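Think of it as A, B, C, D, E, F, G and H in the order they're written, each chain with its own count starting at 1.
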Amino acid sequence: MELTYGHPKSLLPIQTKYCPGCGHGVIHRLITEVIDEMGVQDHSIILNPVGCSIWASLYFDFDSVQVPHGRTPAGATGVKRMKPDHLVICYQGDGDLAAIGTAEIVHAANRGEKFTTIFVNNAIYGMTGGQMAPTTLVGQKATTAPYGRDPIGAGMGYPIRVCEMLETLGGSKYLARGAVNNAANTRKTKQYIRKAFEAQMRGEGFTMVEILSQCPTNWGMEPVESVEWVESDMIPFYKLGEIKDELAGSANAVKEAGK
Amino acid sequence: MELTYGHPKSLLPIQTKYCPGCGHGVIHRLITEVIDEMGVQDHSIILNPVGCSIWASLYFDFDSVQVPHGRTPAGATGVKRMKPDHLVICYQGDGDLAAIGTAEIVHAANRGEKFTTIFVNNAIYGMTGGQMAPTTLVGQKATTAPYGRDPIGAGMGYPIRVCEMLETLGGSKYLARGAVNNAANTRKTKQYIRKAFEAQMRGEGFTMVEILSQCPTNWGMEPVESVEWVESDMIPFYKLGEIKDELAGSANAVKEAGK
Amino acid sequence: MAIKGKPVVDRERCKGCLLCVRACPTKVLAADVEPNSWGYYPVKVVAEDKCIACGNCYTVCPDVAITVYKL
Amino acid sequence: MAIKGKPVVDRERCKGCLLCVRACPTKVLAADVEPNSWGYYPVKVVAEDKCIACGNCYTVCPDVAITVYKL
Amino acid sequence: MAEEKRLMKGNEAMGEAAVRAGCDAYFGYPITPQNELTAYMAKHMLDKKRTFIQAESEVAAINMVFGAGATGARVMTSSSSPGVSLKQEGISYACGADVPCVVINVSRSGPGLGGISPAQGDYFQSTRGGGHGDYYHIVLAPKSVQEAADLTYEAFDLADQWRMPAMVLADGMIGQMMEGVSFKPPKDPATRIAKPWAVGTSSNRPVNHVDSTHLDPDEFEAVNRARFERYAEMKKVLPRYEEHDIDDAELVLVAYGTSARVSYGAVQMARKLGIKAGLFRPITLWPFPEKRMGELADAGKKFLAVEMSMGQMVEDVRLYTHGKSEVFFYGRCGGNIPTEEAVLAEIQKILKK
Amino acid sequence: MAEEKRLMKGNEAMGEAAVRAGCDAYFGYPITPQNELTAYMAKHMLDKKRTFIQAESEVAAINMVFGAGATGARVMTSSSSPGVSLKQEGISYACGADVPCVVINVSRSGPGLGGISPAQGDYFQSTRGGGHGDYYHIVLAPKSVQEAADLTYEAFDLADQWRMPAMVLADGMIGQMMEGVSFKPPKDPATRIAKPWAVGTSSNRPVNHVDSTHLDPDEFEAVNRARFERYAEMKKVLPRYEEHDIDDAELVLVAYGTSARVSYGAVQMARKLGIKAGLFRPITLWPFPEKRMGELADAGKKFLAVEMSMGQMVEDVRLYTHGKSEVFFYGRCGGNIPTEEAVLAEIQKILKK
Amino acid sequence: MTEKTFMAGFGGQGVISMGQLWVYCAMKEGLEVTFFPFYGAEKRGGIARAGVIVSTEEIASPLVTSPDSAIVMNMDSLPLCENILKKDGVMLVNSSLVKVEPERKDIRVVKIPCNEIAEKLGDVKFANMVMLGALSQVTGAVKLDKLEPILKTFFSESKHRFIPKNLEAMEAGAKAAS
Amino acid sequence: MTEKTFMAGFGGQGVISMGQLWVYCAMKEGLEVTFFPFYGAEKRGGIARAGVIVSTEEIASPLVTSPDSAIVMNMDSLPLCENILKKDGVMLVNSSLVKVEPERKDIRVVKIPCNEIAEKLGDVKFANMVMLGALSQVTGAVKLDKLEPILKTFFSESKHRFIPKNLEAMEAGAKAAS
């Protein structure tokens, strides 16, 4: 009897504070699976965002730094420049990354900072209890959009496709969008993470994996409903796939495939 | 004898503090020419940025509001929401708009705020004496890039094409890029400004005209050299033209043209 | 010969979200009626023999509450 | 008949950047050798009769130091 | 006729009071423990077709406030400690440009990310100008949901009257707890003070510039000095406080907000034991009721400052008692709230009773 | 052997001192009047293959500092007043997470945008924690280009030693003027204090988390209290000041930075007229040399605080003289600098001579 | 009269609503009230706690430190309540879930099988209303006679049909405690 | 000895370099020095001003308020200098550009036709060096005997060929003032 799917080594066996069904837990596991596979646990540093994943340092069994809300890319810039041989992960929610931290992510990406951003897009502010995020879909309800997000009448803006925005910047080298709403998408997301981490360790530019993630609590849904909503409502707007891939490795891969 | 090219009414006849040849002066005149033509001088409010144009309130003969460096789009949001019938102009430099104010411009554009941004891209921080701007070209020297902007070795990032970045956002309706380095470009730029102002007064979404502008002083050039450098070095990277035009008026125009 | 698997649920870690139940292609798992000490109703293995060790349950579980063995 | 123009330079506003000189298609303007009271060397009209009132000088001037009349 | 009492969270009550005070625009960014306030404004401002924007950050929010305030509108933002730190530049600008606005800080424990539990560690930031340059602004500290509503309502008038930000400094307890509250009637916009300095108001006047910069140092200095004269005037007319059992008190507890409630309880317990304790509760933290503080010092009282901090307001108590009195301090922090019992023990320790 | 004296701007001298102190990384955003410092760092850090980043904003800069500092590196940022306001949240985080770093504020006139001329209106912000929550950090105030260099050099050690930000508060005059300066030799990195708490340093230890949040209020409170014990220790050993003509002085001028230079001139002029004036110049603004201040008060001195502000440090003078002394204030603002003549006149007025 | 009550239970047991209804009724009966909830780091699950005070006087500290009464809705809450309850205070225990005895002997314990009573009425969700009735009965601090109209404003229209059952549950709790 | 000098001229006349060279030489001669420039809102043009102090003692205020000497490089600077110069102070006037007489009678005025002298040496740009020489001659505060090596570090390599002319200009200024 062989343990084929077991608890990752770099993830501590502690009950998380996340709600039942929350995507953060899946994403944590994917990160640690890749770290274990790459064997870099003792060379990994994560920057946890201010958001539901603020307590992630309780779960990840490697060093962490916790900077103010939205400033994770700035903090990660400082960390990675000082520790270029470490795997530096910048974990961010959609409020953190796409609202208050817009300037920081744009410029870290543009500078081609050599860390990897894991961007958890759950279309809502989880931790603070369900306010509208920059990624909230049109019509989606939130405590601060009580009648649904209304870009026209109330001037609440449109959902921002972050990968597509960062694609326009010179320093971004790998931008992919995955989801953790079912097993197939989850597996593909892991591949994206692995590709990004490997590119980072090769010293290529800015890499980011956006992950559509369910927040059953603030969407007011049962977990199973929530993963279905990811499929029916989020994915049609936030197309999955590799949005930008300018990795040297990829070029090689392409060449090799062409042989 | 008819005065065909005279001092605009809404521009005060005061000697500016700008250096000889500086593009700001031309841009000020264009704005006031359009305001005069539209007859909205007493319904205009400008937000002057922290930058060389900080003293613009000395020159413009209409109301002004002066908010912190980079926050002009936030300030303009406040002004325009309270005064929807006014022409609200958000004047910004490239340090102001594309560095410290990145979050503010992205979100104002995304909310489709109904003011017009005049974005003066002179590829440098003018007021503070020649530091690198987000729009500084690769290799271009600045006090903070003493050996030229070096995206790879020093991780200084790539010049940001702001129109192209804002194009990805739902609320941006009109984005054009002009220059004031010669008479033809200057005239075309004025048309862009007029189109943007008119769209604003019709209550369409976010409008912006980016203007390539010479800063002879901090480029270390004579004025004539500097306008030539705009042509030879800036325009090839920052393509002129209407980058995004989703104006209702334009659609009509197109329709009419198709008749 | 078809691959056989064995899913093991950690009742105390499981928060009863049922995502694994949804993800299992062979309906090996189902909700329990007894709560765990946190008050959650965890899943239990109801048809172990049908497990094909595909790992879907593990893959979707937000709480690493299932591990899967290949027999 | 060709249009005739008359450019008028405000010596005190002019900062001597020479952008108008560059922009004038008919070489109506040139730098003065006498500084103004700010210490700048303004432009002066050297060939008024060649002016075709195209407005280029006005258009490129950062200091609204030239106005143009049509004759 | 007074409206019926409602049961509300402090956060919601401040929201309702702002709506009634005629708040034209609200700009805010979510942060615990003030989220119910932002949510309340979202619903009620949108219902009333007024402006509500969830800003992209606290920095953006305060500058939207600045812009809207510059047009003469009644504007408000709210946040909690880290968010208020981010607003410091903007507040300094609003003070420098004399733009009235209302800023609510439902403060939490710090420094840093800290915790979402109540604290009073932002006293210095609020009363000394956490931003740069010489400035002060009004700071009001409610002790209850009712007072949170009343002071918010009033903050709009005070801000307009004195042309500056008025801050309501309510700790997380005041924001989160529910109490009964009855409201003042909505303000008639006609009663508002005229704002001839605002932009976009009329075309029959010279242009208006709302800014905080001056080319000439002497002119700049004159503007600053004029503002400080206004401050001096405010110090005369604005200070407000509440006193309990002061007259014969040997020891006067000084506390605001939640810690004042706790201290009041402790004073009552002390009195039952025959211990002569009293309570002095500043309601305006700036301007601080320094004159009264000095009188009490002259009257030979001892003081015990009770704060949910490591000791901030106590510095004002020391300052305004001019070394004439013994000043003691009792504080809790990290989200802990002093208990009546602990404060009583402190009283007993000091008075050796 | 001491190196030859160089003629340098204060801004450049602080840059050179930082480079010599072993600064591994500099993160900054342009702002007058400190731009020469950022430019100096750009050139010299790049030359030495160290990290220089022109950040997208002051907010980003302070958080880059936080990140780099968390790895145990020696890091610095610099700015001027409005930019330092924007850094307040980050400084509060650095204090809350005990991350050492050096922050230079070449302060200008405020509030708001203000002007680029020198001023000292950021005293409260610097010494009282302009950010949220209970914290303090070291504040050093140089009076000359030489001292600006020396204190910057030393700030790195102090920050490491006490695990907190060390701020050099140099007004715009200090930053902009040129004087002769000689430098300390570059630091040997081996002399640096160990930082076992830093991230990414070693794999033979339990994991390190650099953060400022705590789930449990009691734990949080304990951390805060431990930090305040460190503060208490610092108050004992760190205060530094300079005195001139104090012993027989009837009136002691209290001033720091540029205004101390002016005051020194005024004292010299006064002495020539036979007027017994002296100068007390705090070098550490936090911790303030309160003990010495108290001694001088006990000795029956009168005090005159001279500031380029509307009166901020004077509050500390009042506080630490415990009402025992008459405390006077003379200040200029808006970018104006007091003159020796005006300060002398003030001395004469007070002493009626 | 001042009655300070500390309430604790599993998230989802309706502890917060129970506290709110208690003070709401008290307010309508003319009392001064305060209600203060405590939240943990968890968004869902975890222990829900609230401190409530009702009084004929102005209420000093809103913090409930040594309550006159404590409500223990589940096992995990028992130590918390034992820890805080004042001497001679009354502890109302949901005996359906709390099977052990409190250790303290200086308090009065009233056991109410809330879940069972609620389940008999059709849904375990009424357990909090059962306890509310018991609290009123035991302390006498709040009469709850205005509960019906209050529930009308408290519940959204769609849930008004549950009001009778809620009232029944409250009364059953009162009876069980009497 | 303490010599406080206030210098003013049109932006571009080299007032700032003149002040810097003055204190640089002084420093090399073992004096204490401070130099403080004032900038206006203009980036180019406008009046350039600097206050410099050289002294055998520790320098108190770096601000030059009632200078011992003042340098007037152009017309616009005259009122500024007249306003600030101390009683019995010396005013060095660039008489090539300043054609009017100062109004104050309680000061000593030394006129140096800097532009003309400089032009004779080949370039009006040396005017500031002419004035520097004059300042040294008139005040005696700084000898300028180390000017040559200083100019070598002050100027970039490519400009070293102008050093002889600069020295000549300085000497011509000294002579004109003697």
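We take it that contacts are C-beta pairs under 8 Å (C-beta built on N, C-alpha and C of every residue); 3 or more make two chains touch, one makes a residue touch a chain.
Worth saying up front: this structure is predicted, and the values here are computed from it rather than measured.
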| item | value |
| --- | --- |
| Partner chains shared by chain C and chain H (touch criterion as defined above) | none |
| Chain whose mean Cα position lies farthest from chain F | C |
| Chain centre separation in whole Å, for chain F relative to chain E (CA means) | 29 |
| Centre-of-Cα separation between chain H and chain B, whole angstrom | 42 |
| Between chain B and chain D, centroid-to-centroid distance (C-alpha), Å | 26 |
| Junction residues of chain E, two or more chains touched | 53, 56-57, 59, 82, 89, 93, 97, 113, 211-213, 215 |
| Multi-chain contact residues (two or more partners), chain C | 15, 38, 40 |
| Per-residue multi-chain contacts in chain H, two or more chains | 41, 45 |
| Chain B-touching residues of chain A, taken from the complex the two chains share | 81, 99-103, 106-107, 110-113, 134, 151-152, 155-161, 164-165, 167-171 |
| Touching residues on chain F, where the partner in the complex is chain H | 5, 7, 116, 173, 176-180, 258, 261-262, 264-266, 268, 337, 339-341 |
| Contact footprint of chain E on chain F as seen in their complex | 59, 81-82, 84-86, 88-89, 92-97, 107, 109-115, 117, 119, 121-122, 124-125, 128-135, 211-215, 217-225, 228, 309-312, 315, 318-319, 321-324, 332-336 |
| Of chain A, residues touching chain E in the complex | 50, 54, 66, 68-70, 95, 99-100, 102, 125, 127-129, 131-132, 134, 143-147, 154-156 |
| Residues of chain B that touch chain E when the two form their complex | 42-43, 45, 47-48, 54-55, 57, 61-68, 71, 74-79, 81-83, 86, 103-104, 106-107, 111 |
